[in-house]
Every structure is written in C-alpha cells, then in structure tokens.
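Multiple structures follow.
Both of the next two complexes hold chain A, though its partner changes from chain B to chain C.
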Partner chain A sequence: MKHLSGKLLLLSVVAAVAVAAQASAEKASPERDREVFENRYKERFPDVAKEEYVNGIYAIDPVGRESWEAIEEFPPYELFIDDGVVMWETPFANGKTYKDCFPDGPGIAHKYPYWDKEQGMVMTLPLALNQCREKHGEKPLKYKKGSINNILSYIASESRGQVTNVVIPEDDPRALEAYEKGKKFYYTRRGQLNFACANCHVQNPGMKIRSEMLSPALGHTTHWPVYRSKWGTVGTLHRRFTGCNKQVRAKPFKAQGEEYRNLEYFLTYMSNGLTLNGPGARK
Partner chain B sequence: MMITSTRVTGIAAAAAIAVGATLSMSTAVAADDKVLEEGKKLSFSRKDGNCLACHVIEGGEAAGNIGPPLMQMKLRFPDKAVLRAQIADASVRNAETSMPLFGKYGILSDSDLDKVVEYIHSL
Partner chain C sequence: MKMRKLTAMLLLGGAVAFASHSAVSADKPAAKAADKAAVTKAGNGGDKAAAEAAIAAAESARKKAASADGEWRDTGKMIKKAQAALKEGDFAKAVKLADKAKKQGELGYEQAQAQQELKMPSYLKY
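Up next is the complex of A and B:
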C-alpha cells in the first residue's frame, strides 16, 4: 500500500512537472507573444477592427486618413510597379528570368520571410531576389534605394489579398532562436535617445511626437515597399528600419544583415493573419 | 581724528557695499533673463532639448503629448534639484520611461542642462 501510494505520488509529480513545462512552453511561444501583442491594440483602440491595421497610422488617425485616401486615388507608386513589370519580364544576360527562380511568381510576397533551413537563416524577399540574380550572373541590387523597389512594388501589387502567415518551423531550433533575436531587438533600447522600437509603437501608438502621430506596430509589415512623401520615392522595409535607428541616434545595422532580417521575422510574425496590401503610400 | 576717519571710512565702505550690491543684483537679473532665454531656445530646439516633442509648453508650436504639459513646475517640483535629476535621468524614477536621459547620455551638456532646468522650472 505504502509502495503503491509512493508510485502514485511519483506519477503525479511527473505529471505536474510535464504540465508546468508545457504551460511555460506555451507561455513563451511566438503564438502567445502574438496574442499579447494583438490584444494590446484591441484594448487601446477597441473600435478599430483587426483588419484595419493593414492601413498603419490611418487605422487610428481619421484626419491623416482623408489626405491619404486622396493620394491613393492616383497612387504615387504606380510608375514603380510598371517598371517592375519590365524587370520581371526582361531576361537576364543568360536568357533566364526571375520566373525561373520563382515559378509561382510574381504574387509571392506572402511567402516571406521564412526560415531557410539549408542556409540556416531568415530568408527575405529582397535577399531571395538578389540570390536569383547572382545565380544567373547578374549584379545584386542595392537593398534600400533604387530599382529593387520597382520589382518589389510589382510583386507586392500582385500579392495583394494574400495573408501574412510567417511560420517558425519546430524541426529546426535555430528558427525560434532567430525569432527570439528579432523580438529582443524590438524591445531593446538603443541610441543616445534610448528608444526601443516598442517604446513608440507598442507603448505609445496614437500619441504624438511633435505633430506626428505614432503608428501601431500591428500591420507594420503588410504594405512594403512604401512610397514615402518624405523620401519622394519608394523604399524598402529595411530602409525604414535604418531611418528609425538613426532617429534615435543609434548606428543603423546593415540592410538585409542578420539583425534586420531577424527583426523582420519577428515583426511580420506579429502581423500573422493580416492581409497584404502593398505597395503603400505614407507621409 | 581717528574716530572721524574711521567713521568716514565706515560710511564709504557701507556706500561701496550698497553700490556693489545694487550692481551685482542687476547683473544677476540680467543673467537670469539670459539664462531663461537660452534655456527656452534649447528646450524648443529639435536637436537639443526638444521638450516640445512630447510636452506642451506655453508659446511652443506643434507640441507632442506623450508626456504631461510643462506648467506649474514650481508646484510640481518645489526642489529644483529634483527637477534637474528628473531631466538628467528619468529612468531612476521610472525604468519604463519614454523620456530620453538628457544628462546620463550626454544629450545636453551640464551647462545646457542647467539652463534648461532654469527655464522649465520657471514655467
């Protein structure tokens, strides 16, 4: 009897440990992170529907929204899309085209970023485009400004309506590590002004810095590349990351370097379930 | 004679002190005005204090609203040193603060920080 109860006790202890381990694993999971992230905005802006966040700041700023809607009637990124079509269809020197690398293209933006097990890194769309070019003997494109934005604009426009669905595969622990690094980046204060991304876009969305309203981070990744009036052209997500880091007087990281790719992995995961609507137009 | 002389000296000294005091008082007032003016300039400048990024200040345009309006500062900070400490390193009182650490991270030099404190305390 005594022996039996001992066994029972041991069993129940084992079970309790297993349950606790599972609970803590769930607690730390990206999916749990995403729910917490999303709920923050739900609480802060109870009248804003989730799908509205693809419109960025205009989901919560009715005044700015009016002029944005006027701009979208004659979208400033349209010419870039046209140039992107030409890029997509023009053969490389070896006669191959982007289509040879991306047989499902051009509407493929929703497949990025993803964990590339073979290369052991987060693969983004701009990086994949350049790997394609290099494979076919072409020079890689610059990652912030210039013609990469044309082909990205075309791919974005062809990907409209697809849904963000970043996957963190469980068969390679390095994928979760990359996600965790991106998450850590997002919440780490940096620069002389000592701001983390989250200080503005998670703690203070809807508040104003001078006369600029801070945008919510939910939906931040759905509409790249973006025509920014401040830039007078279309630019990439990593160009924007660079600008944010400079604004807080931090040294920016390299576009398409590991830091920003991991950041993109985390940030895009936070927008899982949101519809892609790029290219975008912003102030 | 000795007495008289002492008296005269005494009067002269008193007069000198009085004149000196008046002089130094007017210099002090002029310096205060100048400090306040410089402090205001630093507080409004986007590259220095940029207090307006987050705080409403009377007379300042396009102010943000992340922090509270800067008014009645002597009531809120009877001790100027506490205000200075807050501007120098707001993370001491609140680790989650959104306020840059103007002193700790050298965004403002010590002397500029003093001027900003004088100005903000005057609001």
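Up next is the complex of A and C:
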C-alpha cells in the first residue's frame, strides 16, 4: 500500500511537471509571442486597424501622415527602383544575371528572411543577393548604403502586395534558437541610455522623444528599403538597426552579422500577416 | 591755492591707483593662463607610464564589455582620443579620457550581465 501511494505521488509529480512544461512552452511559442505583441497595439491604439501598421509612424500620426502622403505623390525612391531594374537585367561578367539565382524574381521579398537549413543560419534578402553575386564572380555589395539599395528597391516594389509570412521550421531546432536570440536582442537594454528596442517601439509608441514620435514596431519590416529624408537616400533595414543602436549609445553590430539577422527574423515574424509595401519614404 | 594743490594731489593719487588696479586686472587672465600651463606641463611631464596604464586598463574593460555584447558607442572613441593625447604628450588628458572609457567598459559589462536572462516586460500580457 505504501509502495502504491509512493508510485502515485511520483506519477502526480511527473504529470505536474509535464503540464508546467507544456504551459511554459506554449507561453514561449513564437505564435504566442506574436499574438501578445499584436494585442499590445490593439490595446494602445484601439482605433487603428492592423493593416494600417504597414505605414509605420503614419498609422498613428495624422499630422505627419499629411506630409508623407504628399511626398508619396512623387516618391523619392523611384529613381532607385529604375536603377535597380538596370541592375537586375544587366548580366554579370560571366553572362549570368540575378534571375539565374532567383528564378521567381524579382518579386521575392516576401520569401525573406527564412531559415536556411543547409547553411544553418537566417537568410536575408541582401545576404542572398550578395551570395548570388559572389557565386558568379562579382564583388559583394555593401550592406547599408550604396547600390544594394537600388536592387532592393526594385525587388521591394515588385513584391508589393505580398504578405509577410516568416516560418520557423519545427524540424530544425536551430531555427527556433535563432528566433529566440532575435527576441532576446529586442528586449535587451543596451547602451549608455539603457534602452531596449522594445522600450521605444513596444512600450512607448506614439510618445515623443524630443520632437519625434516613436513608431510602432508592428509593421516595422514591411517597407524596406526606405528613403529617409534624414539620410537623403535609400537605406537598408540593417542600416536602421545600426542607427537605433547608436541612438541609445550602444556600439552597433555588423550589418548582416548574426545578431541583426536574428533580430530581423524575430521582428519580421512579429509582422506576419501584414502586406509588403516597400520601398517606403520616411522622415 | 592750498585747496587746488590738495585736489590735484587727490586726482593724481586716484589716477595712479586706477592705473595700477587696471594693470593687476589685465595681468589676472595672463597669470591664470600661466598657472594652467604650469599645471598642464607638470601633468604632461609627470606620468607617461600612468597614462599608458590607464589606456591599457580602459582597453581591457572595453574588450570585456564587447565580449558580453555590452560595449557602448563612445568607449572605443574615447580610447582613441586618449591614445592621441598620449602621443601629443598630454598625459593628464589621456588619463582622464582613459578613466572615463574604463568606467564605460565596466558599466557596459555590468549592464550586459544584468540583462543576461530574458525577462519579458509586464506591459506585454501573456
């Protein structure tokens, strides 16, 4: 009898641990993260429809939106798209083109970022473009400024209307690990100002920092590359990550390094279901 | 007549006093600059080894912070400025900059350690 009650006790402990582990796993799942993330904005801006967040700050700033809409009548990124078309169509020295690497192109932005099982890393579109170039004997392009933005602008414009759909494959635990690293990065305070990305864009969107209104993170990844008036040109998402890190006085990481690729993986996953509308124009 | 003499003497005395006061006032900034230069020179001549040690300590603290992904934006720049000051022979300035950089490195490392575990913020409702 004593033996039986001991077994029962052991079984109940095992069951309790299993239930707790399941609850914890559910709590930590990417999909649960995304729901909670989205709910944050529903609560904070109940009158803003989810699809509006593809417009970034202009989803919640009616004054800024007026100027932005005026700018979009003659988009400053158009010339970059035109240059991108030329890049896409001009053969490399070996006679191949980007089309040889991306047969479904140029409207392929919605396929990135993805988990590349073979290489064991998050693959982003700029990295894939450079891998294509190197495969065909061309020099890789710089990841923040310069002509990479031309071809990215063209691809983004051809990808308009596609839907963000980042997948974290269950058959490779490294993918979830990369997502978790990106998530950790997003919620980690860093720099002299001790800010996490989330402090500005999840905790305080709509609030002002000096004269600028903080944008919501939901939809942050839908419209890259972006023509920023501050830059006077088009720049990449990782250039913006670099700028954000510098603003909190943290030393930025390398564009297209593991940290920012994982961050992009997490952040884009948070915008799953939103339509791509790049390239964009921002202040 | 006596009265005139007295007034003249008083005026003359006043003028001398004013002139000497002005001379002292005019000398003050020059004296201050000289004092400052003397102090700087003493600092410069003083401790090259201390400046080099301070820079090495700052670089070590920066590397430690970087190893934990906790380096701050300006730490490396401060160290570079300290190295430039050392090269110019301004050891006091080099020490001051290096000490500041070292402090940043230490704080950056501490911050990274404190943030090692991911804690989801309470404004996200799971």
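Assume the second predicted complex is superposed on the first by the 261 of 283 C-alpha atoms of A that agree within 3 Å, B and C clash if a C-alpha of one lies under 4 Å from a C-alpha of the other, contacts with A are read in each partner's own complex, and residues count from 1 in each chain.
Throughout what follows, contacts are C-beta pairs under 8 Å (C-beta built on N, C-alpha and C of every residue); 3 or more make two chains touch, one makes a residue touch a chain.
These numbers come from a predicted model, not from an experiment.
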Clash-or-fit label for the pair chain B, chain C on chain A:
fit
Quick one: name whichever of chain B and chain C touches more residues of chain A.
C
What is the contact status of A:211 with respect to chain B (first) and chain C (second): first, second, both, or neither?
first
Look at A:203 in the shared chain and tell me whether it touches chain B only, chain C only, both, or neither; answer first, second, both or neither.
both
Is A:36 touching anything from chain B or chain C once the two structures are fitted on A? First, second, both or neither.
second
Should A:188 be classified as contacting the first partner (chain B), the second (chain C), both, or neither?
second
Here the angle between the directions from the C-alpha centre of chain A to those of chain B and chain C, rounded in steps of 10 degrees, is 30
Nearest approach of chain B to chain C by C-alpha atoms in the superposition, in Å, rounded to an integer.
6
If you lay the two complexes on top of each other, which residues of chain A touch chain B in one and chain C in the other?
192, 194, 203
Complex contact set, residues of chain C against chain A
66, 69-76, 104, 107, 111-112, 115, 118-121, 123-126
The answer for chain A against chain B in the complex is residues 192-195, 199-200, 203-204, 207-212
Quick one: which bits of chain B touch chain A in the complex? Just the residue numbers, please.
46, 52-54, 62-66, 96, 98, 100-101, 105-107
Show which residues of chain A lie in contact with chain C when the two form their complex.
27, 32, 36-37, 39-40, 180, 183-184, 187-192, 194, 198, 202-203, 245-246, 249-253, 259
